[in-house]
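Structures incoming, each one as structure tokens.
What follows is chain A paired twice: with chain B in the first complex and chain C in the second.
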Partner chain A sequence: MLKKISTPKNLLLLGIILFTLVLPLVIGSNQYVLVLTTTVILFGVMATSWNLIGGLGGQLDLAAGAYLGLGAFTTGTLLTRWNITPWVGMPLSGLVAAGVAALIGAPLFRFRVRGVWYALSSSALVQVLYTAFMMWSSVGGPMDQYLPRYDASFYYLRYNTYAPYYYILLMLLYIALYLNYYIRGTRLGFQLMALGESEEAAEVLGVNARNSKLKALMIYAYLVGVTGGVYTCLFGYYHPRFFDSNMSTEVAILGIVGGLGIPYGPLLAAAVLVRGRELLRANLGTVVERSSMAVYAVILVVIALFRPSGLAVLAGDIYRAIRLRFAKDTYVKSADSAGD
Partner chain B sequence: MSNLPILQVINLSKKFGNLVAVNNVSFQVNSGEIVGLIGPNGAGKTTLFNLVTGLEQPDSGKVFFKGTEITHMAPYQICQLGMSRTFQIAQTFSSMTVSEAVRVGAYNRCDEKTVIAKVNEIVNLCNLEAIRDIKCGELSLVQLRRVELARAIATGAEMLLLDEAGAGLTAIELAELMRLLSRLNSEAGLTLCVVEHVMQMVMGLCPHILVLDSGVLIAEGVPDEIRRNSDVIEAYLGVRELE
Partner chain C sequence: MLDNLIQNFINGVMLGAIYTLIALGLSIIFGVMNIVNFAHGDFVMVAMYATFWISTGLGWDPVATPLITIPLLFLIGVLAYYLLIHRTLRRNYVTQIAVTVGLMVFLRSITQVLFQARPRTITQSIIQGTLNLGPYTFTMTRLASAIVAVVFIVAIYLFLAKSWAGWAIRAASDDLDSASLLGINPTKTYALSFGLGSALTAVGGALLITFQQVDPTMGMRFGLLSWAILALAGLGSIPGLLISGTIVGVVESLTAAYWDPRARSLTVYLLFILILWIKPKGLFGRK
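Our next item is the complex of A and B:
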């Protein structure tokens, strides 16, 4: 039993989980590294959730910013208007985002909007919500809305360190990763994969395209909505600029560069690219303004040219190469000892 | 039992702009039959399949399957009732393995507990053991057609529409396919409707043949009648001028 559990893969997994749990304790004094890691995980959660609809379901969704913003406004408004704790606000944020996703998704999937048209429609949602919330004065309109300030308050989820937000996002990340692995082995996962490849073929095999895609979209929107709740607490304010097209595109890019449909791909991409982008900004930003984005773009192009199947596939190749090498060594060793 | 109509098509029509792709077509298929649907290129065979399986909506006419009207049903509902199909241009699930692709179909009638057994059964039935873990994107056209057929059978359908399942196959592969199809028909009681260009296959397999030309059903009967039918000869070879 113990032998079955303690495979190298499971030990590696356990190691990673332990590492992520103690990380803030190790780097706790360095708030810069901690906020950077938190940002990586923030994008990791969104891109991993995106993988359900974008990777498995093959729908190029560009609306992550819409669900993030809805989450931020739900948690923020509940807190500033009615003094309702974010611990209640965050799950509600998810529900609001998933509800809006259902309202948007149902007609889009009903009328078979897909490919570039789905991408454009979802991208428009971000813009529409941005404009709507700018004009909606009873939730703040164009004014920054600040959350109550406290040095450390569990009720208001306000701390002067990033560690609590890191842990909440880490939990969301593990939920998103688990869902990716779990759904991939179920009816919904197989139906989404089939839909991503050929909608006609999937449908004549009994797949209800609208329902399957809607389920994936709502799970994704729920997780990004909850993330939006954390986001507003992390920054201590909310504003319609949270409905951000660039961020939405970046979430999709991470999902694609990471490797479509591979559960850990988007996280890997977030770790490499978001970290890399911040490094570039820190180092190049002071030399030539905005040059970091140009370098970042070049890196994306290089990946697209040489590893279009994604970073996760590259990582898999490296892992296999190392194992092969390792296996060869042990083989030679055992052959040697047999010779003795 | 075998004389009950499983599929009834009544006065079905479909226009694309000015082109009448399917013109007032009526026919019926009895349960347990193998029906061949032939006709020159552009005769409307694939459109007829699309109308029957719900991928396209007819302008007029009705379709009944097992006594239920399915004219305006979605493809997945029609499949759940028991009818599936293959495509002329293989619609491949490239990133999925063969057994995964079959599993998509198997979920139509199976839950998580029974699906694996069903996949294994279908993989065996269709001779796919050797390639079951290979990605569909890496298969040859011949193998892909077998996978498409396996996918459709896995849905547990009582009736299959096969759109040019024999195209591009060698004589041996064709014979193998025909053996599989007649086995499915005689052992599993599957009703088959095959669109085919390969005459050898249609004439050998189908006791009942429909001929479509320019969207119109011009002949219906047993192979010998079809072979001698002057309208059919005309549709395929053109008008006999000197006679």
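Our next item is the complex of A and C:
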């Protein structure tokens, strides 16, 4: 029993979990590194949740910013208007985001909007919400709405360190990752994967495309909505610019270059690319102003063109190559045939 | 009241002609090659900056700038095709979106490096002033732009209908394999289409900048606008595209006049989502 649990894979997993848990204690004094890591986790949560609809279900959703913004506005408005704690606000944010996703998604899936048109309509949704919230003056309109300021308040979820937000987002990340692994083994997961391969074929085989896609979309929207709640507490304000098209596209891109449908792919992409983007911004930004995004774009394009299966597959290849080199033949053979 | 309505309607129609021209470029790229180009709006933005740069840097009148910007944008389009798009042809549209989004970020970043993030506008053109016809006022820049746009739309229509290259493009659009059996070089035809689609943004951009300013983030707006017009029209019909472009222009103009200037793209995007729900093939779709 113990031998079965303590496989290299599980030990590695345990190591990673422990590492992520103690990380803020190690780098706690360096807030820059901590905020960088938090940003990576933030994108990791969104991209990993996106993987359910985008990777498994094959629907290229570009509306992460819409659900993030809805979450931020729900938590933020509840807190600033009615003094309701984010701990209540965050789950409600998820519900609001999932509700809006259902309202938008049901007719889209009902009328078989898919492929590029689904991507475009979700992209338009972000812009619609941005404009609508800019004009909706009773929730702030174009004014920044600030949350109450506290150095350390559990009720208001306001801290002068990033560590608490890091832990909340980390928890969301593990939930998103767990869901990615869990759903793959369920009926819904198989239906989504079939839809991702070919919608026509899946429907002929009796998959209810509308329901499966809607479920995946709502789970994704829920997680991103909750993330939006954390997001507004992390930054201490909310504004319609949280309905961000660029961020929405970036989430999808992370999912794509990470490896569509591979549970840990988007997180890997977030870890490498978001981190890399910030490094570029810090180093290159001082040499040629604003040039970092151009370099970032080139990297994205090169990965998309030459590694279409994604970073996760690349990492898997490297991992196997290293093991082949160092491990005993018999061990590699058995592990490979069992594990992959 | 009625005069006011008609005036806004006229403004919308003039705007719609330019939008149609921009969407026509996308229509050639998407309709012919089935390539999903998310960077189309950013080509418009680049075209506007190129116009700005030539007219202020070289002191040219904006009217003359297309002499340089059309070949420039055509070249950028052909280059983008050979470097990027060509490699994605046989792939899933997801790869195309990823690659063209990368191109979009790249173009946006480069223009920010070159021109900074602040909005730019050009100096006065020789075309200026207004034309009064009865109770209605035509701003000369807009009127001239609309006329130029329509001329280009007709020219493209004739090019596709009458010239050999136009036939090749349409043949490739209908059935690529048969077309290549008949001696049409698919790679060259595709590169030509992509270059042509991009070159049209040069005209559109030059026309737009005569009456509105440019900033590096505006590509998003024109990209979605073009896709909205395309969705409304359906693929394969240039007259249909012109009608859809006019509808979008009028909707924008009327929204700005009677509801709220900020809401102009809101109604267009809502129209876009609505048309996908109720008529996914568009109003005039051939395929």
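Quick note on the criterion: the second predicted complex is superposed on the first by the 327 of 340 C-alpha atoms of A that agree within 3 Å, B and C clash if a C-alpha of one lies under 4 Å from a C-alpha of the other, contacts with A are read in each partner's own complex, and residues count from 1 in each chain.
Criterion: a residue touches a chain if its C-beta (ideal position, glycine included) is under 8 Å from a C-beta of that chain, and two chains touch if they have at least 3 such contacts.
Predicted model only: the values in this text are computed from it and were never measured.
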**Message:** Quick one: is A:Arg149 in contact with chain B, with chain C, with both, or with neither? Answer first, second, both or neither.
**Reply:** neither
**Prompt:** After lining up the shared chain so the two structures overlap, which partner does A:Leu300 touch, if you call chain B first and chain C second: first, second, both or neither?
**Reply:** second
**Prompt:** More residues of chain A in touch with chain C or with chain B?
**Reply:** C
**Message:** Output check: A:Ser198 vs chain B and chain C. Expected answer is one of first, second, both, neither. What do you get?
**Reply:** first
**Message:** Output check: A:Asn208 vs chain B and chain C. Expected answer is one of first, second, both, neither. What do you get?
**Reply:** first
**Message:** Contacts for A:Phe190 in the overlay, against chain B (first) and chain C (second): which applies, first, second, both or neither?
**Reply:** first
**Asked** In the superposed arrangement, which partner chain does A:Arg320 touch: chain B (first), chain C (second), both, or neither?
**Response** neither
**Prompt:** Taking the contacts chain A makes with chain B in one complex and with chain C in the other, which residues are shared?
**Reply:** none
**Item:** In the complex, chain C residues that touch chain A
**Value:** 36, 38, 84, 87-88, 91, 93-95, 97-99, 101-106, 108-110, 112-113, 117, 220, 224, 227-228, 231, 260, 262-263, 265-266, 269-270, 272-273, 276-278, 280
**Request:** Quick one: which bits of chain A touch chain C in the complex? Just the residue numbers, please.
**Result:** 60, 104, 107-108, 110-113, 115-117, 119-121, 123-125, 127-128, 131-132, 134-135, 245-246, 249, 252-253, 256-257, 260, 288-294, 296-298, 300-301, 304-305, 308
**Prompt:** For the complex, which residues does chain A have touching chain B?
**Reply:** 186-187, 190-191, 193-194, 197-198, 200-209, 261
**Sites on chain B touched by chain A in the complex** = 53-55, 74-76, 78-80, 84-85, 87, 91-96, 100-101, 103-105, 107-108, 111-112, 115, 148, 151-152, 154-155
